[in-house]
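Two complexes, one shared chain (chain A), two partners (chain B, chain C).
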Partner chain A sequence: MNIFLPELTVLATGLIVLIYDLFAIKKDNSKFSTYFSLLGLILAFVLVALGDSGQALGGRFAVEGIEPWFKLIFLGSSILTLTFTAETFTSKAQEKLNHPAEFHTMMLFSITGMMFLVSSRDLISLYVSLELATIPLFLLAAWTKNIRSGEGSLKYLLSGALASAILLYGFGLLYGLTGEMSLAQIGPKLTANPALWLAAGMVLAGVGFKLTLFPFHMWAPDTYESAPTSITAFLSVASKAAGLALFFQLYYRVFSTHTLSFQFIISLFAAATMTLGNVVAIKQKNIKRFMAYSAISQAGYLMMGFLGTSHESTASIIFYLLVYALTNLTAFAVIVHHTHNQDDESIEGLRGLSLSHPILALIFMIALFGLAGIPPLSGFVGKFFLFSVAAKSGYYWLVTIAALNSTVSLYYYLRIIRQMYIEPLNPQEHPMKSSGLFKMGLGIGVLGSVVCGLIPMIYEHIDTNTIEWLSTLHVLGMK
Partner chain B sequence: MLRQIVLLSLFLFSTGLYGILTRRSSVGLFIAIEMMINAAIINFVAFNRFLAPSHIDGQVMGIFAMALAAAEVLVGMAILVMLFRQRKNTDIQSMNSLKH
Partner chain C sequence: MGILSWLILIPFLTALAVIFTPDSKKIRWVALIGTGIHLVVTAVASWRYLELIQGNFDSKALFTQLQMTEKLPWFASLGIQYFLGVDGISMLMTILTSIIIFTGVLASWDVENRAREFYSLLLILVTGVFGVFLSFDLFLFFMFYEVAVLPMYLLIGVWGTGPKEYSAMKLTLMLMVGSALLLVGFLALYHGSGLHTFDFTQIATVRFPKEFQFWVFPTIFIGFGILGALYPFHTWSPDGHASAPTAVSMLHAGVLMKMGGYGALRIAVYLLPDGAKDWGLFFMGLTTINILYGAFGAIKQKDLKFFTAYSSVSHCGMVLFGVASLNMLGFKGAVYQMFSHGIMTGLFFSLIGMVYGRTHTRIISEMGGIAKVMPWLATCFYIGGFASLGLPGLAGFVAESHIFLGGFFGNVWSDITVMRILTILATMSIVVTAVYVLRGLGSVFLGPITDHHFDGLTDAKLTEKLCTGILVATLIFAGVFPIFMGHMIEGSLVPILNRLQASGALAAIGH
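Presenting the complex of A and B:
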């Protein structure tokens, strides 16, 4: 029962926020729902951090080794997202968000789905929790209710529903091949045959949609651009982490005996995804669309970690995910703050930010350098681990492409920094007031994105948990 | 018998996929996606009946998948109604306001 506690806390918080709003006398209670949701999420965060490993529901739900890390990333990124969402409920910008209680409830439900996704151990609960994580996001993407937001959300929904239908068909084939629903029992029973490759391809397509891998990334730029900015942040971090968790479940459990056959195709996906993301990001004018392509290329780097054959590869993926979550959310905190106060989503709107708001510009620069992977920052350490994983497995061509891509990415991240530091002040800039909550979230984000790379304990801790986790599985070629 | 049922589900799945690639109305797209999900459900139930009849896992999955498909389409319809009020059509080819 204790194992469920974090999930139940998040779920209960969502329900309480929703029901309180129904009976509340005061109609504008965005403060209550923000703080209560934050309270519930922080409580769940602490419960996950202190929680033990174990199993429940006859082994259908389990917490082992690395699953707490995923849950901490989900909860941490939603806490950070909420800290800078709070001011968008009261802002006067066009993109002002309404219905705070429902907004928070949807977000909390989505996080519940993600947390169940990491821990589920059979196809049924995996699929149900995946849908629970995704369906609220369709609604959140349409929250501003204008034509653009609806269009982006509809595109997200149609491609999401298509991906989940293909994934479900893939699951059906896996079930047909083995007659088992439990992930651990499907793995050993799978033998190499054409039907397996069909199922694997369908599953990869479904996962690729969530992770925005190259041929399945089409929805991402449109949806990221049109969704409320704080939801864009949530999509680019938490939803991507959920996709990675889904791929972890399938790659290390279901396809555990065939992982080596996947490596070549994964390397192709990684190369194509990072190159496309980087090349298209260069000429973007809208900051949210720009971040979408940047997030696509980051997914390409993340995929490199699956090429390894040791526990270090798994640990480096989780470490990079943690670093990416913190860094990307820091960047998005500044973007949300800026777009809401200025009502301007163009990159040029940021010009002269260093003159009017030096600290905000400095933090944004640190976050962008972290995403590009400049040495003292943790983005560099994370990328270094991922690149060395690919190099150790002999994928030198991929490491070369990734290194070239990192250089290209530096160019377009520097484009934004140039706007902030070299261009003169934007004459139309409105004064920006930041709330205490926003400052706190920004502080945590920037501190995390600097410190994670400097303190070796975090990586070592992840590595220890990974070894423990992998020892419970039987993955081919994994030491 | 299993062979025929799997062929039926493959036919349904392919029809759905074809529908997604060719339909212009958003509602048509939802119907096509629904067909694909139903194809997968037929697979689950048939495999359950013929390959692993000792448990009812596949049928349980079928019920859950139906409920989830309904939830997905419900959300889709809500967004579509909101869009329809503003655009007066559901043609996806005209949805190109988000530019590169």
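Presenting the complex of A and C:
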């Protein structure tokens, strides 16, 4: 029972927020739902951080090794997202979000799904928790209720449903091949045959959709652009982390005896994804669309971690995911704040920001440099570790492509920095007022994205957990 | 915490102090005091270094070792350490950087536009430079390397002149391509050595397979070469230097480009000696083009800053030429040249800034005879010019004579005839340099005053006199007593030469 506690906390928080809204006397209760959701999430965060590992439901639900890290990333990124979403419930801009209680409930349900996803140990609960994580996101993407947002959400829904269907077909094949539902049992029974590769391809396509890997990324730019900005942030971080958790489950548990045969394909996906994301990002004028492509390229870097054959590789993926979550959310905090105050989503709208809001501009610059992987920020350290993993397995061509891609990405991040620092002030800029909650979230984000790379403890801790985790798994060729 | 950590921390703390100084008029004083303290600490550190190696002179092993090392585990499971140390080469480069940043602050005394950001970025940049020269862990080295390169974008983009956005972007991207190559090379060294450490004094004990070295050496050498303005990757340098504000040009040409030469010697040649033997002649050829191309390019320039930038390309080519000649004389010359060129270009760019501040033009043909109204600046400019064409008694002569002698002596791994031909070609640049320096300076400073607007101009102020005075004094000192540099660096070059000679015999130390 104990190990369910964080999940149950989040679920209960979601239900309470929803029910309270039904009976609330005051019309505008965005404050209550924000703070109550934050409270629940922080409580769950603490519970996960302090929680032990263990199993329940006859081994169908388990918490081991690195899994708490995934949950911490989900919870942490939703906490940060909520800190800068609070402002948009009272905004006067087009992007004003209504129905705060339902909004928070949906988000909390989605996080519950993600958390269950990490701990599921059989195909059915894996699939159900994936749907629980995804379906609320379809709704959230349409939250502004205008045509644009609806179109983006519909696109997301259709391609998401297709991806789920393909994934489910893959699961069906896996079950057909082995007659097992439990992830741990499937692995050893899988033998190399065409049906396995078909199943693997389907699973990869399903996961690729969540992770926005090329060529399954098509939905991302449109949805990211049209969704409410805070949901864009959530999609680009938490949802991506969930996709990665799903891939972890399947890659290290189900395909554990065949991981080496995946390496080459993964390296191709990584190269194509990072290159596409980077090259297309150069031309973007809308900041949200721009961040979508930047997020696609980051997924390409993340995939490099799967090329390794030692605990370092898994540890680097988790570490980079953590760093990416912090850095990307910091960037998005500034974007949300700026777009809803200025009602302007163009990159040019940021011009002269360093003159009117020096601290905000500085934080945005740090976040962008972090995404570009510039030392001494943690974005650099994380990327360096991932590159090192690929190099260790001999993928020097990929490391070269990735390193050159970082240079390209620097070009477009510098374009934004140029707008903020070199261009003169935007004469139409409205004054911006920031709430205490926003400042706190921003502070945590930027501090985290600087400090994670400087202090070794976090990485070392993840590394220790990874070794422990891998020892329970028996992945072929992994030390 | 040891003295080397302080050498890196002081500029960083000064940058913080600058950010939090309430009165924006006092910022420059804070920066000056911070860099002044740094200069004193550097002097103390060099004194201690000289004492340490003096004591160890008889036992040659200790003489070649790193001194004042500081080691702390960082990402221990990956073999990443916080590892600082100093040998003669890095000590000399630290002295150079410390002088340049101090004079750079003096030279940018009049910056008032967003001074807080300007000084803090400048100081963060040198923090990176000191880190590069003092760290002996590849990861740490790379981290500082990028910290030193990136602030350049904003420094040029915000405070520059002319097509500043274009130049800033070109410079940053080209240098970042260089660091991308370095990243690949460093990872290859880390995984190739099998030692599971980024400490490159340990990696230096590994003899890598020849095939491995053949590919990794050019990757790293070109990676550093881009920063060291290696032909044909030098094109960022004229644009960047011409657009940058005075202090930034000083730092960039004076110090940052030296990181290229330093890395090429310290990492590429030291860790991959067999690769160096295979590629030495090729890079000598490229750097010969560098030297001549830069010199001939400078003749045609109309803008004083472009003029100096091209002459920098030529002189930095000499650094890499010395490194590629793979012998004691060449290495020594390369290190001398890094120092002397650093001081010399620092002097040039600061003077150009001062002259431009008065005449509001940098076009050579629009000026004339201004030595009459600003004798101090003209004199300093001439001393710098003489150093640049290698007049004996100034630092440039010591450096260039070593480099060309080294090239002419050749080494046993490359074709001696080709090396000599290349050296003779490269030596011709001295004549070309004399042509452009004397012609350029002549038309700016000598003759009658061409424009009556120049009549009322004033000579150097106190801060400017201090700035240029320090640089000129250093140039003369290094030219008259080169032995102080030789004393520092010889012992530190021995390990590099030892790695080159397969037998591992201690190479002759020429005193």
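Everything below uses one rule, namely that the second predicted complex is superposed on the first by the 479 of 479 C-alpha atoms of A that agree within 3 Å, B and C clash if a C-alpha of one lies under 4 Å from a C-alpha of the other, contacts with A are read in each partner's own complex, and residues count from 1 in each chain.
Throughout what follows, a residue touches a chain if its C-beta (ideal position, glycine included) is under 8 Å from a C-beta of that chain, and two chains touch if they have at least 3 such contacts.
Nothing here was measured: the structure is a model prediction, and the numbers come from that model.
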Mind working out whether A:G59 is in touch with chain B, chain C, both or neither, as first, second, both or neither? neither
Can A:L158 be said to touch chain B (first), chain C (second), both, or neither? first
Would you sort A:P215 into first (chain B), second (chain C), both or neither based on which partner it touches? neither
Touching A:Y459 in the superposition: chain B (first), chain C (second), both, neither? second
In the overlay, answer first, second, both or neither for which of chain B and chain C A:Y411 touches. second
For A:F369 in the superposed arrangement: first (chain B), second (chain C), both or neither? second
Just chain B (first), just chain C (second), both, or neither: which does A:A391 touch? second
Partner with the higher number of touched chain A residues, chain C or chain B: B
State whether A:P188 touches chain B only (first), chain C only (second), both chains, or neither. neither
Interface residues, chain C side, partner chain A - complex: 73-78, 80, 117, 139, 142-144, 146-147, 150, 153-154, 157-158, 164-165, 169, 172-173, 176-177, 180-181, 183-184, 187-188, 190-191
Considering the complex alone, what residue numbers of chain B touch chain A? 6, 9, 13, 16, 20, 26, 29-30, 33, 36-37, 39-41, 43-44, 47-48, 51-52, 55, 57-58, 60-61, 64-65, 68, 71-73, 75-76, 78-80, 82-83, 86-87, 92, 95, 97-98, 100
What residues of chain A sit close enough to touch chain C in their complex? 312, 354, 369, 374-376, 380-381, 384-385, 387-388, 391-392, 396, 399-400, 403-404, 406-407, 410-411, 414, 417-418, 421-422, 456, 459-460, 463
Touching residues of chain A toward chain B in the complex: what are they? 122-124, 127-128, 131, 135, 138-139, 142, 145-148, 150-155, 157-158, 160-162, 164-166, 168-169, 171-173, 175-176, 179-181, 221-222, 225-226, 280, 284, 289
